[in-house]
Amino acid sequence: MSGGDWPDIAGTIVEGVHHLPIRVYYEDTDFSGIVYHANYLKFAERSRSDFLRLVGIHHSEILELDPPLAFAIQKMDMEFLAPARIDDLLEVESRYITARGARLEIEQVIKRDGEPIWRAIVKAACIDTDGRPRRLTAAMLEALGPHVAAASHPR
Amino acid sequence: MSGGDWPDIAGTIVEGVHHLPIRVYYEDTDFSGIVYHANYLKFAERSRSDFLRLVGIHHSEILELDPPLAFAIQKMDMEFLAPARIDDLLEVESRYITARGARLEIEQVIKRDGEPIWRAIVKAACIDTDGRPRRLTAAMLEALGPHVAAASHPR
Amino acid sequence: MSGGDWPDIAGTIVEGVHHLPIRVYYEDTDFSGIVYHANYLKFAERSRSDFLRLVGIHHSEILELDPPLAFAIQKMDMEFLAPARIDDLLEVESRYITARGARLEIEQVIKRDGEPIWRAIVKAACIDTDGRPRRLTAAMLEALGPHVAAASHPR
Amino acid sequence: MSGGDWPDIAGTIVEGVHHLPIRVYYEDTDFSGIVYHANYLKFAERSRSDFLRLVGIHHSEILELDPPLAFAIQKMDMEFLAPARIDDLLEVESRYITARGARLEIEQVIKRDGEPIWRAIVKAACIDTDGRPRRLTAAMLEALGPHVAAASHPR
């Protein structure tokens, strides 16, 4: 679906960086008054998904390919720099820095008022339903290429 | 925080109904391929919170009042009409139908392409930190009043 | 998998009532200091699933039947009676009160120190992957029958 | 609360390693059929919390100290080795490897049938409610000391 009356719903890509606004709701916080640490990974995943959506790669469509494909996280190194709180308006910034063979590498930062509060390097792989790595398809590379420094050339 | 470059981030109120767009992400689905049933409650809560935000009632501010106040759900009756799936763009519609004494009553529908897929009646109360019901403040009633059929008059 | 060294991991059924202990962790709470309302539905679902597991009905197995089957919630009426807090040890009690045609009805209570803090009536249906209601199989009725007041006779 | 009739509810510490059984429920999976990546962090946090609980350190109690204290994650490096699925019975193993000054360092592995499927190094800090690092208290060091290789001596 397109976004219709909500033009910003998938964020925006500016010079290779995806920007997604995230509001902190009740569900995101814990009893210590701040955002529960695992929920930053949800915010980050929303931005990675919307980046792919904006360049035309859809999770539901690549699961219909032959063989069916999906992306799986393999490694993630994170720093928690400052806590976010209820009602905060955050912005996730995501940059695909590698798209080569079966591998994707993404740099992500979550900011509040322009200040980083969370940072991660994410290594993901394109896999089939048996979990085996599969080369990114030509269509994926064509879609991602213009936004990625180190991309394979689609063949 | 205001929403800055993202004007739609808190949705919009039209004739007493709050509309909030919700994208279905990985985190919202379960292995059966559809949205996990408890996650519709999160979508609904985001809309109730944004409705209050747009009329000027903030969770963090009312917790600073003397006595500190919060809203607690007391009763919720729900119907699950059709499943939502990954990548769907949904819209939550929320209508505050009662705001009287300590009580709030809200009617909520989640739609996809204009068709209801989930529906609920929510009864909430304004409470203090001991969990005792407390009358909605004059400021709350003034903020909500114009949007609610059955509101107490602020005094 | 069986539970091996953890005999209590799936709770226990006593006279038709399933009892499942639930510890409240960080992830379950929100900034207001109590359990986030939608998370009681997760606790309740764990008990419904473990009830089925103990009588021999497994989500992953019924998805392998021809046609593949699953259970979907259709209606849920809930009362939130008292808040739970971090470190609380709760107990979910679930009773399957109807298992007939395609329909399941379950009564659920969450207790702390023997006192109810949440209560729900859940109406679920056995469905195929197109979402159409399908009669509970003979094997399901045989497994559930001894624990349910109003069960169809397996044929 | 103690655990009463559920002796295994907080897992068990054997030679400095905490073991916690985790059942994979609907809520933990996503539409790709496996456990959603952020949910391993929840499983890991449950084990860290239960380790502290078993040695007598309770989140709610340390928030009542003067000054109020809490633990915050600062850094987390993770590897996702194999996917977990619905109904799986997993085991989290946690080892506190450092407890010194304000710092805690924890090694965590999640296993299925004895095979690691997820692994992390977690760096956490004891903080006050302004987020400033605070030395672990003598009581904390006394409780953790016997289980930690590199612990400060309580003073």
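We just call them A, B, C and D in the order they show up, numbering each chain from 1.
Basically, a residue touches a chain if its C-beta (ideal position, glycine included) is under 8 Å from a C-beta of that chain, and two chains touch if they have at least 3 such contacts.
This is a predicted model, so every value here is computed, not measured.
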Distance-maximising chain from chain A - centres being C-alpha averages: C
Rounded Å distance, chain B centre to chain D centre (Cα mean): 34
Chain B and chain C: spacing of chain centres that average the CA atoms, whole Å: 27
Multi-partner residues of chain C (each touching 2 or more other chains): 26-27, 31-33, 38, 42, 45, 59, 85-86
Chain contact topology (line, ring, star, complete or other): complete
Touching residues (chain side chain D, partner chain C) in the complex: 1-10, 21, 23, 25-27, 42, 45-46, 49-50, 53, 58-60, 85-89
Residue ranges of chain C touching chain B (in the complex, touch as defined): 31-33, 37-39, 41-42, 45, 59, 63, 70, 72-80, 82-83, 129, 131
In the complex, chain A residues that touch chain C: 26-27, 29-34, 36, 38, 85-86
